[in-house]
Amino acid sequence: MDFLAHHILSVVLFTPLVGALLLLFVPRERDAVHRIVGNLFGALGFLVSLPLLRWFKPGWGGFQFEETADWIPSIGAKYHLGIDGISLLLVMLTTFLGMIAILSSWSAIKLRQKEYYILLLLLQVGMIGVFVSLDFFLFYVFWEVMLVPMYFLIGVWGSDRRLYAAIKFFLYTLAGSVVMLLAILALYFYAPVEPGATRTFDIPTLLAAAQTFTDPLKVWLFWGFFFAFAIKVPMFPFHTWLPDAHTEAPTAGSVILAGVLLKMGTYGFIRFSLPLLPADTAMRAKIIHIVIFLSLVGIIYGAIVCLMQKDMKRLIAYSSVSHLGFCTLGIFALNPNGLAGSVLQQINHGISTGALFLIVGVLYERRHTRLISEFGGLATPMPNFAAIYLIVSLSSLGMPLLNGFIGEFTILQGAFQVSKAWAAWGSLGVVLGAAYLLWLYQRVMFGPVTQFANEELPDLNLREYATLVPLVILAFWIGIYPKPFFALIDKPVQEIVHRVNPDFYKAEHANLAAPELQASRVQVK
Amino acid sequence: MLDKVIFYFFAAIAVSSAALMVTRRNAVHSAIFLITTLLATAGIFLQLRAEFIFIVQIILYVGGIMVLFIFVIMLVNLDVALHQLKFARQKWVALVVVLALAAQVGVMFWTTGKMQGQVWPGLNAAPVGKLPPGNAEAVAQSLFGTYLLPFEIASVLLLVAMIGAVVMAKKRA
Amino acid sequence: MTPSGYFLDHLWMIPLFPLVSAALMLFFGKQLPKAGVNVFCVGSVGLSFIYALGAVLQLLAADPEHRVAQQIMFEWLTPGPMQMTGGHLVRFVADWGLLLDPLSCVMVLVVTGVGFLIHVYSAGYMAHEGGYYRFFGYMNLFMFAMLTLVLANNLLLMFVGWEGVGLCSYLLIGFYFLKKSASDAGKKAFIVNRIGDAGFLLGLLLTAVTLGTIRFTSLGLPEAGGYSGILQSLEAAVHAGTLGYGAHVLTAIGLLLFVGAAGKSAQIPLYVWLPDAMEGPTPVSALIHAATMVTAGVYMVVRMNAVYQLAPFALDVIAVVGAVTAIFAASMALVQNDIKKVLAYSTISQLGYMFMALGVGAFAAGIFHLMTHAFFKALLFLGAGSVIHAMSGEQDLRKMGGLWSKIPKTATTFLIATLAICGAPPFAGFFSKDEILGNSFDRYRSLWFVGFITAGMTAFYMFRLFFLAFSGYSRADEHVEKHIHESPPSMTVPLMVLAGLSIVGGWIGWPGSLGGENRFERFLEPVLAGAVSETGAVKIAHHAKATEYLLMLLSISIAGAGIWLAYEFYRSKRIAPELLAEKWPRAYQLLLHKYYVDEIYDALIVNRVKDLSTLFGLFDAKVIDGVGVNGAGWLARFGSRVSMWWDKWVIDGLLNFGAKFLQLLSFPVRLLQSGMFSSYAMVILIGLVVLLAYYGHHMQTLLRGVH
Amino acid sequence: MDAIRSYLQGDGAVILPEMELVLFGLGILLIDFWIEERDKYLNAVLALAGTLFSGGTLWMLRGRVAASGGVLVGFHESAVVDGFVLFFGALFLASTALVILLSVKFMQIEKEQEGEYYALLLFACVGMMLMASGVDLIVMFLGLETMALSFYVLTGFLRREKRSNEAALKYVLLGAFSSGILAYGFSLLYGLSASTNIGAIGAALGQRNQLVQAILRSQQPGEAGEQMRQLLAARLPVALNFDPFTLQILPMLAFVLVLVGLLFKVAAVPFHQWAPDVYEGAPTPVSAYISIASKTASFALLLRLLLLVFASSQPTWIYLIAGIAIASLTWGNLAALTQTNIKRLLAYSSISHVGYILLGLVGGNETGLIGIAYYLFAYVFMTAGAFAVVIVLRQKGLIGEELEDLNGLYQRSPASAVLLLIFMLSLAGIPPTAGFMGKYFIFLSLIESHHPLLALFAVLYIVPALYYYFRIVAHAWLKQPGEAPQPLMTSAQAIALGVAVFVSLAAGLYPEPFYKLAKYAFGQ
Amino acid sequence: MLPIGNYLFLSMALFILGVIGVITRRNVIVVLMSIELILNAVNINLVAFSRLYGDVAGQVFALFIIADAAAEAAVGLGIIIAFFRNHETVLADEMDLLKW
């Protein structure tokens, strides 16, 4: 227990790896064993991450559960792990969605099961690693490592154009990440270091050091990181890999891709890009305007493109572009509301879009097509499915009492404090969101059953319930009682705002001196 | 004066026969002109008081290598080659490039040569007036003293060449 | 004396009953027998009504100035500190809290009461439909959402209900999901509502950053100081001089919120969804699209009256929009042939009335009309439902007629409702409509005139409806004719109850001029006090009694005129409507086609968005597989050019052009890697020459300063 | 006996590993006459023993090097043993050993399992080690030629193969041509310094450079210029009339000629064209050998020359190198995209690797040099591994060099597919593999030396590189297998693959010891 | 001895002629001979410098260059013979199996 308490992050990180290694030694023909072991470790990965929630102290600043060990002392790279509230949520999301994604593959994957589960578990390691690393070198390693399993997941188990989609995904993200590598190296090199001492890759140290950089340098570094994260997120002009990758990937791959992988970009924005914003107000404003512009374009563009999609997965993929646009909008509002909303929305997107992909997976498994026109009237043969699908759609389009609303509202609130126009454009995305999701729902579920093949489709089975219901429950939970989530991220968000936008707290000159307002004034440290 | 005459004489032979070597259609003719060039060069070596190299040049090069060449030329089919184009298609482009190179190097040598009074190892230094007698002896001293290692390597080199020639030229087993 | 009591402490149970029942229906309803469904669903609403009644009675026990009960159950949304416009940081909180004050009293009673009746009615009406449990599940869910809306103590929770009712409306309109028109209508309703919601959200956010809170009031809370409400913040701001009468930001808030209200309450320009919403089952139309949900906008505006009272421009806009909507919708109702469509347009028109009332500052009158309208419009719809039921689903007025004797209960109640809506004294509609017209006369004569004309039109089209359906000879098919029968008691009893309410419902607002004391307005007064008492510019100067009588007389006479005209057209047939239609074919067609607004919206917005979507999609598709865009217009060509550019520079191109691109790439390689020894040697030589030249030049620059 | 011992204590120690190799080579040539056709593999065993023996000697020398202050000098300062030599020597021996392991089965299939082949492998290694340890132009040149001649012959070793003949002929003609250019450069270097010792040459060129700087300074107006003028007038009055540019012309010419000669050997653009043809035509183990060892050795030579002889003019030539590097990256990556022959593809990819290594030279600082060493180290093992997989594919009746031949390798032989993946990832520079660490140092050095744009170029080229490496992976993993037989891996191949994959992974996962090794190569 | 420039120009001329031979001639044997010419040019340089400095190292270098030339010639000719056996030609531009 003591070991667990001190190395909890390592345990969380490497549990899937143990599973993958174990699977290596299971003979190829024993498919059932692969399935069971894969699922076991998926579940185990989630279980071992649960103590994090229990032991995490929301009120403490900085990072918790830190672990440090020497790795490459000569260049100052360390095995340094630690999480704050933001990464905690993302880690939990990863382990949770990982478990569900693995479960969802039970009957969908019939080909090369051994490798499939190994790769999924490896992917888990990479993703968790990205969120828990506190050392840039380690971070980068995980960041890249995760590409390879994803490549194979798409490339081997994807659908028709899988080769193309897989390599496109890989190349796109790689292009971003190599540029990020340069930025990391520059950060590493330009950070002041005592004479004689080794430089360090320690993330907190480097980010603190970055505050002393000159503005032009910061701007360069910012764009370096930005490029990588913008591709990962993906922001507007860099989004074209996403529809292909999502569409071609197997269900679990899409779930992970949308649920977690994209969050690595937003996480990067929060953790690395924000501290690199220049101090000069004009320069900063210019950058922020560009980023916000791209976010807004992404929100609206993604939503509009959704309207003409013929392929369900493609539609959902584009909706991700729109949703992630909200996340970046919130981040670059640079205030607690925007950031908190963005973090929460990342979780929400993981839940809702993950569930949407699962839903498409359910249909795909039954009919082996994702074309919207192939369906219609499914509400008749599959009423329970229809209900869950409806809830998930509503969660995705931001219906109050479901998770999506909480995130979107908080983001809009954050954006509104900075610029009313941003919020106005953002809310246009909310409108369009309803349009494409409901239209999709209508085309798939409503009307008479048009295709013979759809008449006798079986409703959800137990395993499918097991994958979908937890997500639905979470969606309701966040929608109805999001306070614990906000409590987790409150501290880190405030710390970030203190660091990157201290003006937010400074601008407290009273010109609206209502005693009631004074009373409800926030006590900020 | 004599030096000059000897130099220019051999230089003229060397250059002109080298030019002929490059341009002759018949490989045997080329080989003959190469021999002439090499011999002329040997003459220049002699003019430079490098008697040992002069001898080596004549024996090894002219006597050894060139015989090898002619032998091979005889071996491969000669008649066909006579009726074929002797130059590659790119010859004009090639000529331009080579002339550019010649111009570059020539200008470089020329400008360097014009500069007077250079005092350390370099060009235009006054030649050492008198060389010690016994060039072969000096070369040998150097060869088995300072340059013992290259000498040893050269043996490996020649061994490799020998094996190589044997391997390449032997008929299939 | 602060109000307290069991029911007030258990306010949260009011919305909870229907929620539980809805959950039960949606999860397990399939297994339940119909009777069970009835017991749960109707019973839960009944319980809600009882609890609501109890709570209201307990509230009434308190002094008028203390009639506020507020309960915060938990903090719902706590996203951290928020920066207000002035730079203040406040802790933004949205509670999960309930507020019962006179205004919500009215609403909660109307919603649960009318809702209960409609549920009872539905049990009969839907008895033969499939998906019985689903229907009731949605209905109960709707009740939950609507009650959340009216009981919410802050804007955001209200928005929860707001969206919730929208969702249920979507689900119920699309209840017959096998019909494409039904699911289309549902979707249209939702999306149009969403546009309004965007406005609502922005208004909400603006309120939040301006006032630092979105709670309506801090009254009724144990430690009011710690929880500021909109009302209190506004007061403080006005006292501090930072906000005043006519402040731009308040106008903006008012207008933005009104966008939301316009969406929900079907005002111009967002009214288009409501007629289509008639695709839903008739009880749904009665409950949602007449009595409750569509009035949410009115309720919300009244809820925010403190802000509106300081924003005269916003009020003016509301008044004008309301008035225009009223007459505009009424004009369209004149020629509709579908019984429910007539009622739908009539609803829009009546809602316009209500907004006109709000716009002229007569908030109480608006709510009053809301209430009476709920009674008689619900009755009208239910009656229409009964008619449709009797006619085996026929909705076309041209195929009805002569029903008076065949379904007498329905017919009688329907007549009562018709009279009520026409404003015939002493039916409910008379009092509320008169109140509105009177108030608008004082504020803007022109508005009064519009309302006045609308009243005549209302009378005309309602009686046209009545005559076409109930009088004369039957125009129905023989087949249908045989099956005409009166509805079962479960349907007629609610009709009768509502008929009673339609008669007496208005009496609680018996105006002073007629010897009453207008209790209704007095009851609401504490809520409508506004932030500052002296912002009376909106308040109406009390007019002379003579004028009041005159106005009353005028409105009675215009209603009479309308009725007479309808009689002449459709009963006595002394004037043939067809002749008029032939005389002014354009006007007729314009009205019949509802001014082509749907078509215009389609052409201007819907299709353009779709085009845009296609274009963007092609933009992406272009990027992805390099297929040429053969779209029309410069935008398409531009898009194609942009994406061509994109192709070239982004990795996509590298991948997508596939063979061609690789060939292109391999061309220089093939050219150089020719396999020719001589060319290889020459490339080496060229390399040498280039290096020499470059290095020489570089050196020369360095050492000689030559460029 | 004493004479031998004293020789081995003195000069002989410097070339002891080379001597052992030569002896083993001769031994192979001798025993080759006696062993039966089916026992020919003994040649390989002996050759392997030679490399191991030589490696052991190298390991022993390490202590003596440390004892004598980091460098052992011998043969009148014409050869040395220092960290540099030990590092590169070990690398050459390792690659030779790998190639020997890979050759056994291959040459058996080709029916060319002959003593000469293994002897030539060892002689080539001798040449390479001399290239690293020589500090005299003549030694360097002869070492280079020994290596080159061995390679010419090895390339053409499959005499019945038309492609092998052709490759050998192209290689020998172009190689000799480039050697001629190199020799011309060497002759000029000799002319500039009257010495063949590179230390002396470097000093002479350094002096010349100082004078040039002094003259330039003296031409500047102001006080500093005046001071320098007076100093020059006192020390070397004639220098006042010198044109600084003219003084640098001949060093420049010599530099370019030497550079071209060596860039040819490392196959940098535009001197690379022989490489794809030769790689394709040569027996695959030889292709691997050329790719890893010859390139590494030429880099060793290039490094020695650039860092010792031309160090003084470094700021002027880095742009030249940078241009070549970018050209190599661009061309290598571009051309590799369209290849269908794995060996050719690897040839182009190795050209792009040259670009990266040269960029390390552009960075030029300590990190850059460590990066070059690390990169070369990683390069040797990952490239050897990649070739090894191709060699494993070679069966009777299957050449296995085309991408199509890889189809479905995963189903046929999962282990080789996994190995192939690791090598490709390493070649592409994806962490945590050795290839990434090599690139890491290169990029870092570029940033440290303030060449951000070059760095950007370099990192972005990873993307197309990944594309073609993953074409290979896609063929092996994602395509369905055709009729191709199951590849059978011999134990020798397995050992070679094992070593290659171990290093490729270990140097990425735990780079610390490898980093120290790379640092040791440059005298720390 | 004449001024060193004379020898340099002579060697340059031979070098250039050798280069011309290498890149223009189709007959690989002539190409190989041209390379010999280049090496010969190198030797002139070396010997001239050697004379200039009175340092014998240049001559030793030249000696090794000659040895190298011999070795190259031997190997090169061997390869040419092997090539000729398979291809029945010695023309440079008929070596075109390997390209792209």
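Labels A, B, C, D and E are assigned to the chains in the order they are written; within every chain, residues are numbered from 1.
One rule holds for everything that comes next: a residue touches a chain if its C-beta (ideal position, glycine included) is under 8 Å from a C-beta of that chain, and two chains touch if they have at least 3 such contacts.
In this text the structure is predicted, and so the values were computed from the model without any measurement.
Engineer: Which chains contact both subunit B and subunit C?
Structural biologist: D, E
Engineer: How many links in the shortest chain of touching chains run from subunit D to subunit E?
Structural biologist: Counted as steps through touching chains, the separation is 1.
Engineer: By CA centroids, point me to the most central chain in this structure.
Structural biologist: Here the chain at the core of the arrangement is A.
Engineer: Sort the other chains by how far their Cα centres are from that of subunit E and give me the top one.
Structural biologist: Farthest chain from subunit E, going by C-alpha centroids: C.
Engineer: So which chain is farthest from subunit D, going by the mean of the CA atoms in each chain?
Structural biologist: C
Engineer: Write down the chain pair with more C-beta contact pairs when B-D is set against B-E.
Structural biologist: Of B-D and B-E, it is B-E that has more C-beta pairs in contact.
Engineer: What whole-number Å value describes the gap between the mean CA coordinates of subunit A and subunit B?
Structural biologist: 71
Engineer: Approximately how many whole Å separate the CA-defined centres of subunit C and subunit E?
Structural biologist: 94
Engineer: Mind checking the centre-to-centre distance between subunit A and subunit D? Centres are C-alpha means, answer in whole Å.
Structural biologist: Their C-alpha centroids are separated by 44 Å.
Engineer: If you average the Cα atoms of subunit C and of subunit D to get two centres, how far apart are those centres in Å?
Structural biologist: 76
Engineer: Which residue numbers or ranges of subunit D touch two or more of the other chains?
Structural biologist: Residue numbers touching two or more other chains: 138, 142, 145, 149, 152-153, 156, 159-160, 168-170, 173, 177, 181, 191, 194-195, 243, 249, 252-253, 276-277, 338, 463, 467.
Engineer: Among the residues of subunit A, which ones contact at least 2 other chains?
Structural biologist: 167, 171, 175
Engineer: Residues touching two or more other chains, restricted to subunit C: which are they?
Structural biologist: Correct list: 651, 654-655, 666, 669, 673, 675-678, 681-682, 685-686, 688, 692, 696.
Engineer: Using the contact rule from the top, write out all pairs of chains that touch.
Structural biologist: A-C, A-D, B-C, B-D, B-E, C-D, C-E, D-E
Engineer: Using the touch rule from the top, collect the residues of subunit D that touch subunit C in their complex.
Structural biologist: Subunit D residues touching subunit C: 169-170, 173-174, 177-178, 181, 212, 216, 243-245, 248-249, 252-253, 255-257, 259-260, 263-264, 270-271, 273-274, 276-277, 316-317, 319-320, 323, 331, 334-335, 337-338, 463-464, 467.
Engineer: Under the definition above, what is the set of subunit A residues touching subunit D in their complex?
Structural biologist: Checking each residue of subunit A against subunit D gives 71-75, 140-141, 144-145, 147-148, 151-152, 155-156, 162-163, 166-167, 170-171, 174-175, 178-179, 181-182, 185-186, 188-189, 220.
Engineer: Would you pull the subunit B residues touching subunit D in the complex into a rising list?
Structural biologist: Subunit B residues touching subunit D: 105, 108, 111-112, 114-115, 117, 119-123, 145-150, 152-154, 156-157, 159-161, 163-164, 166-168, 172.
Engineer: Contact residues on subunit D for subunit E in the complex?
Structural biologist: Spelled out, the residues of subunit D in touch with subunit E are 137-138, 141-142, 145, 149, 152-153, 156, 159-163, 165-170, 172-173, 176-177, 179-181, 183-184, 186-188, 190-191, 194-196, 276-278, 280-281, 338-339, 344.
Engineer: Quick check: in the complex, which residue numbers of subunit A touch subunit C?
Structural biologist: Residues 164, 167-168, 171-172, 175, 237, 240, 243-244, 301, 304-309, 335-337, 340-341, 377, 379-380, 383, 387, 394, 399-401, 405-406, 409-410, 412-414, 416-417, 420, 423-424, 427-428, 430-432, 434-435, 438-439, 442, 445-448, 480-483, 486-487, 490, 493-494, 504-505, 507-517, 519-522, 524 of subunit A touch subunit C in their complex.
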